[in-house]
Each structure stands twice: as structure tokens, then as C-alpha cells.
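First the structure, then my questions, so here it is.
Chain lettering (A, B, C and D) follows the sequence in which the chains are written, and residue indices restart at 1 in each chain.
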């Protein structure tokens, strides 16, 4: 706690956001817990990758963006979608595969999209979203706007070719993109030190002429602070930044993977749970007199209600019409040829 | 004969071949400490150790190329693709390196390597995780493409693939791993390039492979009650294609339906249809019909996904059509 | 109408579309300062500047994905593949990203992007540099596949592809770049999905595309003297396939030969053969014949390479065969 | 010249090799010049990438190997094939596409192979040979030998995904492989600073836990010295090394590219020609009293004779039998299934 107490003083600038961030993080936590339950009883199918434990990464970084900036992620993206302001209803309905889902029930857990909020998906091929994220930054540069692109991927994705090709191009062209390694220590069952020749991934930024920072991902203020500077650089035309944000996933890789046992011990998981991102922020707010048990209870109730509403909405929503099988493959004929 | 799952049959093949030949090793993501994403390699690390059962970073292009290189020196790598969807990132090494090495080098180098893992769709995995690419690999000279449908063939074909001196694309199925069946113990080798007549019949031939074999047999059973006697041929190997077995059957039934899991355009069924119309033109009493995935990316929603997939009903309907029974 | 080379027709299309629409840009290796490895983009850097004519590092996966991302925001990138052989390294972005984005997102995002460059063989470039992959891309729903054979179509189809709201795989040919022909000036749009009857005929139909159009027309001319009157259909678009035009022709000629540059197994010709045997079964007077590359990696030696390739002689022989004239 | 004079003293250890290296470098130079002529008159077809100016890289590095080590390269590999001891005849005949060529006329200039000498090709896809080269090292480790693998690629290939994926794995597993960047400053018409975010490519080694060295590629002794240490590390099980060897190609990228005009000036090329790797070594030998004009003349005559013999052999050799079209696609049936 000591560490975070010290941080609290220097991050006073973010205090006005704390209440909002606490709610967002709590919402993600409860949403994911509920999604996990729905999956266990078969209401959600396919692969489902939960974000529990990593909440501060999405909330802290995305809060640094403007509405017209771009966000893209991998398949573990429920938290980022919520942090970007997509409704619990549209996301839960998508997990249920319903017509009211953000992707019309065609995408599923791994493919959440929201064009209006510039939430560019939800991608299932490891590393596939990295060049796409740089592409949004290229487009901003092309159009002469000062939009930036926030591109999330896991630490295991830092060993795949698209990471190298994209970071080199982004560094060469000074594209306004922020590459966020969500470093939860594992790629499925493989610990970072069994997958990467060097475990301090921020140092890889040196190969691409961009700054690389290691960030405490369980401290939302630290995440926001690092992202603010990266966004400033990007908007100012100073180029991309690589953020290696250290976090931890409490749950299994996906719903079909046990939280512990094969590749990590229960003790390891418990130890990380002791520095929970939600509790770190809550403690900081209590110290600042911004939070007490009553307020926390209200918040829990409020969030519980939103999640319950989302579930009810998802359950009551219709399945996509069978004709939907054939739509969205190509542009409607009217759309073609301009 | 023991009753094993398709998964355990593959595991037995790996175990037997790695025991028989010290040059055989397994490499891929999560194959060792995690026992395989789908547990096909369960226990192999324990038995053979980390030099022969090798966990890799997520770097399909890199570890596939390392496998191809190792095979050029005479080792016999088995490269596991966690799923064949991800192999698109490694396809340059499979097509531009492994498939061409023998030819480019004037016969000096061969690549005795197996690329294996689950292909096609499982349940609700969405557009990027549900693709069947067998027709792509079968398009490429220098490769062999093998797709077992039963536990016995899973074992027998994997053992043959490992002993083969050419690169073999070995496509399994997540939906097949739990399938149970009788599997001969020990030295059981299923020849590559030989189809299997799963059911004898005289009225119509159904050519299928991998996941479409079960629905084809179900359809055949249902059609029996309608008085249509189907012959069901499991290709087992896509390339080289066992045209002789297909043609002999069509010569007998004069009617053909081809069922596959993947998309239709230039799919495996298109090749089979072309071979049959050319070689058995006069014995065909009806146009050849095909059943394949709806020509769309795979949707997540479970009902839409069912509509998209090849199934018993669609196969049966196609057989009725080639028998001109769809009116009654 | 001006007489232009295929290369200059493409250049004119790029120039006109980039002038018409500021959202159109060209990106790839050597496209800017070097004027393109095959000089298709000559002069564009000078006219449009480095933001719209962009040289990239050798990183096909990276710059292709950057193009796909840019297209999701509404820009209209043209990604040049120095040759389609190298696109194997980028195929994940074409197939798993561009082709599926609209579907996965429930229609929220489209990818109005063109992937273009030369495909197939040139002269003695060897096994890794001589491959025709059109049947692979045509297998994938969500993509369109366009292959012009003439300067006029090169211009008209590229302009249509750039204006298309879906990802278009646009395959040119190194051996076509110097081909001369009449090209309409200015606004000349060739519709995607419409084949072109290059020669009217009544005895047999030859379906071809890209580099096989010229040899098909030569064969038709030669066969005329033998009293065989061929209809020659240039597909121009592989996906979506213009089945109607093919079927109408076969209904008239009752005989079909399909010529393509690439390998046979599950090639474009297999799909065409399947469509025709199914839809025009009763009008076929002979089995459909196909002409395609020998089923081997392309050899370097020039005589072996000639033996491997589709040519006029092989096409003419196939036509004689479907006309049962091969005996005389 | 001053620089190399100083070097001469400290590299005395290599003096006994100088006569041999000078001949090898001269042979490569004259072989390539002759190949260029043969190409111009249509006796050689396809793509042909000459090695003129880069001779010291192949000769210095390959001389550090044992016969049982492995060598692999890209399409600009005539020089490496000669340095590895393949005969001028077998290489020239391959360029001519003849049955007597090292790849039976099926491979061509980009695909030279020699199984006996562990020359593993000749590869045409940029970066494609990088994982293959690591694969040979993996095989050596697997078999418990102390063989090493020498893997050549151009500086432009250091920006492609296979470079990153392979170097990470090699560093992680400490594979006995030496990665040689033949840094001739250009990838086709693109200068290194237009393709790489950082131009000091040796620093990229830090991302992969391996040493990275910048080496003077026009000084054969310097190349050998750097390779000796890399080979020592690899044999000792200490892992891979990345060598960024600075050199220059005097000629165009391939026969269809002008030596200068589009992307570099004649002056730039001339300037580099003034520090010619053959002359650098020759001068060093003259200073050491190991070379005089007569000896040089003999050497030229000797090399000219070998090249002339190779050309005659290639010209007189038969074309492959037409049946060869169908062989070497798959193993002969006897070979199959063990």
C-alpha cells in the first residue's frame, strides 16, 4: 500500500476521475464474472477470454483518449469495449450471439466492434491487430488530423512477426500510435520467460526508434500517466510509444483453462490478487476521503443492476434472422462502385 | 483392438513413432508443459523430454521454418499448428520452402516433415477460427494432404505421415478428438493415397472426408429407408487423390454427391467433380452435386453457424437430387 | 482511343482515380522513388507526393495490415505486391482481416482496398517466383478476384476495383505489362463480375483468363483452319464468377475447354467444370477438358519451363479432344 | 589504406590464409563479371543478382567454418557458393540451366544447392532462409554435435517478421547460429535509412539476448575475426550472434537494375570502389611481402582460366532430359515410408 500512497500524492491531478474509474473497473469486474457464469451454463459459446485482474490497464489508458481516437485489441477485449463506452447491453448481447449485439451476433466474444465509438475490434489472430492499429494512425496522418491510435496486445504477441514489422514502420514513419503490451505474464500456459529471449520487453522499443516504458498496470493512475505522455507525443507528431504495462490475469486463459494448477500455482495467483487494481484505487480514494463503505456499497449495487439489466436484455433479445447468414459478406449492391 | 478416442489414437501414433525413431520430434505452441492446447500430446514431455517435445513462442513462421530447416538435415519434425487458421502466418514456409525444396535442389534435399493440427470449424469460434484450408494445400505440388476421419485412421495415417519422406499436411478436427473407435494396437500403418469405402452401396456414391464422413454415413442410413442404397467413400488422403476408388464406385452407382466442410469455390469437391465428369462422363446418370459450407465467413451465432455447416440433411437432400427423388 | 501498353493502362487508371478521389493512395515496395519494380507506378510520386505514393520496408504482413486498417477508416488504399508470391507472407491480413471485417463486425466496417501486383510465371524465375494463386483467393468469401487480360480491361477493371467497397485481389502479369492495345480515354469502367466473349464461335467454348487468353485466341485461329469454330470467353473476374455467360456459351457449343496458367488440383478450372457439369449437364456432348500448369514446381531451365506451361498447342489439342477430332 | 595498414599488424594470425582468400575473392569477382556478360547475351535467364563488391563477406566468414557446418543464403549467393568450395563448373552450369548444374538446372541462379558441402541454398523469398538457418542449428543441438549454422541475409531483410521471430527463438534457446547481415546499404532501390527505423542494426541484437557487432565488410580479416568469435560462442553453447557486416554492391540489384542513376549516384559508387575488398587485402599482402605484380598477374590468369573452363563446361553441358520436369517433386516411391 505504501507504494500507492506515495503515488497518490503525485497523481492528484487524476483525482477528479477516480470515482468514474472505480465504477468502470468495478463494472468490468462484475460484467466479466457474470459472463463467466453465463458461459458455464452454456448461454455463451465459443472461446471466451475474461479480463479479470487487468481492469486498470483498459480504464487508465483509454481514459486518456478523445472520442475521435481509435482503439483496437485482441480477443480479450470486453474490458476495453466497456472502457470505451460501449454499453453492457450491446456487449452482453453479442456474447449471447443475439441480433442486438454490437456485432449483430455474428462476431462473438472475440469480435466486438463499434464503429461509432471507433472501437475497431476484437481480433482473434495473435498480432493481427497490430498493423491494423498502425493503419488507423496512418489514416490520421494522411488526413492531417491529430487523432491517435491505441493498440492493445498481449506480451506473447511481442514475439510474432507483425509486432516487428509494424513497430519498425511506425517508428520509421513516426506514426501517431501507442502500442500497449498488456503484460499479464502468460501467453496461454507459457510464461513470458519461456517465450521471449529478454523479459524486459520495453527495451525492444530501442530497435524501432521509439521510447519504451515499463508501467505498473495495477495502478490506474500510473497507466493513465504513461498513456498521457504517449498520447501527447503522438498528437505532437513525435511518433509512437511502446508501453509494457505489467498486469495479471486472475482467471484462466479462456473459460476452458483452469485458473491455476498446470502452469502456475494457486499461491502465485493469490499473491497477485493481494494487489488488486480495484482495491489499489479504492484505498487511494478512501485515504483522500473520496470513498467510504456506504459509497462502495452503492457502487456495487449500481454496477450489479447494470450487469443484471445487460443479462436480461441479452436473454430477451431475438436471435438474428436466418437471412443474416447471407448479409455483410460484401457491400450491398447499391454500395458497390462508389 | 483397443477402443480409443481420436485424440488418444494420435497420441499413440506420436508415442510409437518417437519411440521407434529418435529423429522424430514434436514442436509447437503449448505442446510440452501444457500437454497440447487440445491435449493430443499429453504425457509426451514426460516420456521424451524437452529436446524432443518443444514448446515454442507464438511465432508460426519462425518455428515452422526451423522445423523445415531441421528436416533438411534428415530429422523428422512434427510441427503442431494449434489450429490451421494460424498456419496462414507460416504458409510461406510450407509452400515456398518445404514443398519446393526437393525440386529446387534437383533432388538433393527432402523435407520429411509433418505439419499437423485441427482444421475447420468447431462450435461458435467465429470467422477467424473456423476455416478449412485443405483445398489450398492440395493445390500445391510437393505436398501431401491427409485428413483422417476415424481413430484408427488417425493413428495409421499419422504413423505413415511421420515415416513419409515428403512434407505432409495432416489436418485433424477439434470436433473429432473425442470420437471413439477401435484402433489396432502397435504397428498399424494406413497407406497415404488410398481412400476407404466406409459403406457399400449401389444407387449413389457419397464422397466425403474428415468431419463429413459421419453425417454422410447418417444420411446413407436415413436414405436406406427411402430405398436409396448409398456407397460412402472416405477420401482419407486429399492429395494424392485416390481417383481409382472414386471412379470404380461411380461406374457402379452412376450418381455422385461430394460433401466437404469447407467453402465450395475451387474446393476439394470441385476437383473430384472435374475428375469424375472427365473420366466417367458416360457413366453419370445425373449431374454431380456438392455439399459444402455456405459461401460466407463463419458466423458466431449458433443457429446461423448450423445453417452454414454441411450436415446430414443437406447431404441426404443432395443424394435425393442426384437420384431424381427430390420431387417425391 | 489511344494505344497503350497494359502497364501504362494500369498507370493511367491509378492516375485518374488518385486525381478523382483524394482518399486513394498507393503503398508498397519500390512504388515511389523507384517508380515500381515493374514501373507500373511511374511518375506517380512526382504527381501525388510521398504521402499518397508510399515506399515501404520489406514487410508484406505489416504494410498490408496497415493498408487494411486505413481502409477501415474509409480510405481507399492500393497495396502493391511486388509479386503475388510474396503475398503469402501477408495472406493472413488479406484472408483473416480484410475478407472477414464486414461480416465479423455485423456490417459496421468495410475494407475498400485493392491488393494488386503481377501473378503467375514470367521467364525462368524458378519455383518460388512463378506461382499463380487465383484459385486460393477465389476460395474465400469476402474477397473479389479480378484478372485483366488486355490493356483496356487493365484500366477499366482497376478503376472499378478502386471504387469497389470490398477488398479486391487484382492480379496482373509480368508477361502482360508490355502488351499493347486500344484503351478508351478517361472514364472507362469495366464492371467486375462480367466475363468477355473475345471470339464468337459455335463448335466449342474455351474459357480462359489473364495470360491464357492470348494462346486461347491463337488456338482458336489455328483450329479455324481445321474447321473447328471456337468461342473464347475471357473470365476477367474469377470471383464472383460469371456463370451465366459460360453456360450460355456451352448451351450453344456443347463442348468446353478451360485453360488456366496455374496448377490443376482445385484450380479455377475445377470450379468452372463443376458449375458447368451441374448446370449444363444435358447440353455437354463431351467431357470438359482442362489445360493448366504441369503439376510440378516451376523449373528454372527454359525448355523444362516451356513444357510446364499452358500454351497454344496444349489448348488446341484439348479442343480437338472435346470435338473428338484427336484421332484424325 | 591507413586503416587497413594498422589492421594488418593485429591480424597477422590470418596471414597464412591471405593467398587463398585473395584467390577466392578474385575468382568470385571474375566469375560474377563473366556471369553478367553471359546474362547480357541471353545465355543465363531469370533473375541474376551479382555479388561484386561484397566478396570479403563470404570469403572471410565462410573460411571460419568446418566442412560439417551449415551455410544458407538468399538469392545473391554465387559468392558464398564459391567460397564454400562448390566448383565454378557446377555453379556456372546451373546459371545456364544445364543438367550438370549443382541443382540439375532446375534451381537457377537463386537456388544453388550442394548437399555434400552443406550448402543449403539459395532462397528467393526475403527472410525465408532465416528460420531455415536456425533449423540447422536446432538439428545440431538435437544431435548433440558442435556444428554451427551460418545464415546470410541482406540488411533489408532485418525488417521482416521472420528475422524477429527467428532471432527471438534462437536467443531464447541459445542455438548455435550466426546471423550475418550483409549490409550493402540498399534493398533494391531503398536505402537502409528509408527502410529501418534505426540504421545501426547491430543494436537489434539486444532485443534477443545476443551480442551484436558492426563489422567492416571490405576487410576480409575483420570479417574473419568477428566470425571466429561468433563461431567459438556457438560451438561452446553460448548461443547466437548477430553480425552487421558493412559492405557495398558495385552493380545493380539484379541484371535488370542499373548500377546507379535512380537511387544512388555514380560518385557514391565510385567512392566505395576506392576501398575495394580485393585491393584492401592485396595491399596488405604486398606490404607483408606476400604479393607482387607477377604473382598478381599469375593469379589473374589462373582465375581467368578457371572461369573460362566453367563457361565452356556450361556451354557444352546437355540440357536436362525432358523427363526431368516430372522428377524431384516427391520422393521416389522406393524412398517413401522409410
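Throughout what follows, a residue touches a chain if its C-beta (ideal position, glycine included) is under 8 Å from a C-beta of that chain, and two chains touch if they have at least 3 such contacts.
For clarity, every value in this text was computed on a predicted model and none was experimentally measured.
The interface with the greater count of contacting C-beta pairs, when A-C is set against C-D, is A-C. Chain centres here are means of the Cα atoms, and by that rule the chain farthest away from chain C is A. Here the CA centre of chain A is 46 Å from the CA centre of chain D.
Taking each chain's centre as the mean of its C-alpha atoms, chain B lies 30 Å from chain C.
Centroids of chain A and chain C (each the mean of its C-alpha atoms) stand 41 Å apart.
Averaging C-alpha coordinates per chain places the centre of chain C 37 Å away from that of chain D.
Among the residues of chain B, those touching two or more other chains are numbered 57, 59, 61-62, 85, 88-89, 92, 96, 103-104, 126-128, 141-142, 295-297, 299.
Along chain A, residues 103, 105-107, 111, 123-125, 128, 159-162, 165, 168-169, 172, 194-196, 329 each make contact with two or more other chains.
Across the complex, chain A meets chain B through its residues 45-47, 97-98, 103, 105-111, 123-128, 156-157, 159-161, 187-190, 194-196, 262-263, 319-320, 322, 324-326, 329.
Contact residues of chain D toward chain B in the complex are 70, 72, 101-107, 111, 113-115, 120-125, 128, 130-136, 138-139, 141-143, 161-162, 165-166, 168-169, 172, 327-331, 335-338.
Contact residues of chain A toward chain D in the complex are 159-165, 167-172, 194-198, 203-204, 206-210.
Those residues of chain B whose C-beta lies close enough to touch chain A in the complex are 29-30, 33-35, 37, 55, 57-62, 85-86, 88-89, 123-129, 294-297, 299-304, 307-308.
Chain C meets chain B in the complex at residues 61, 85, 88-89, 91-92, 95-96, 99-100, 103-104, 126-128, 131, 135-136, 138-142, 239, 241, 262-271, 273-274, 277-279, 281, 284, 286-290, 295-297, 299.
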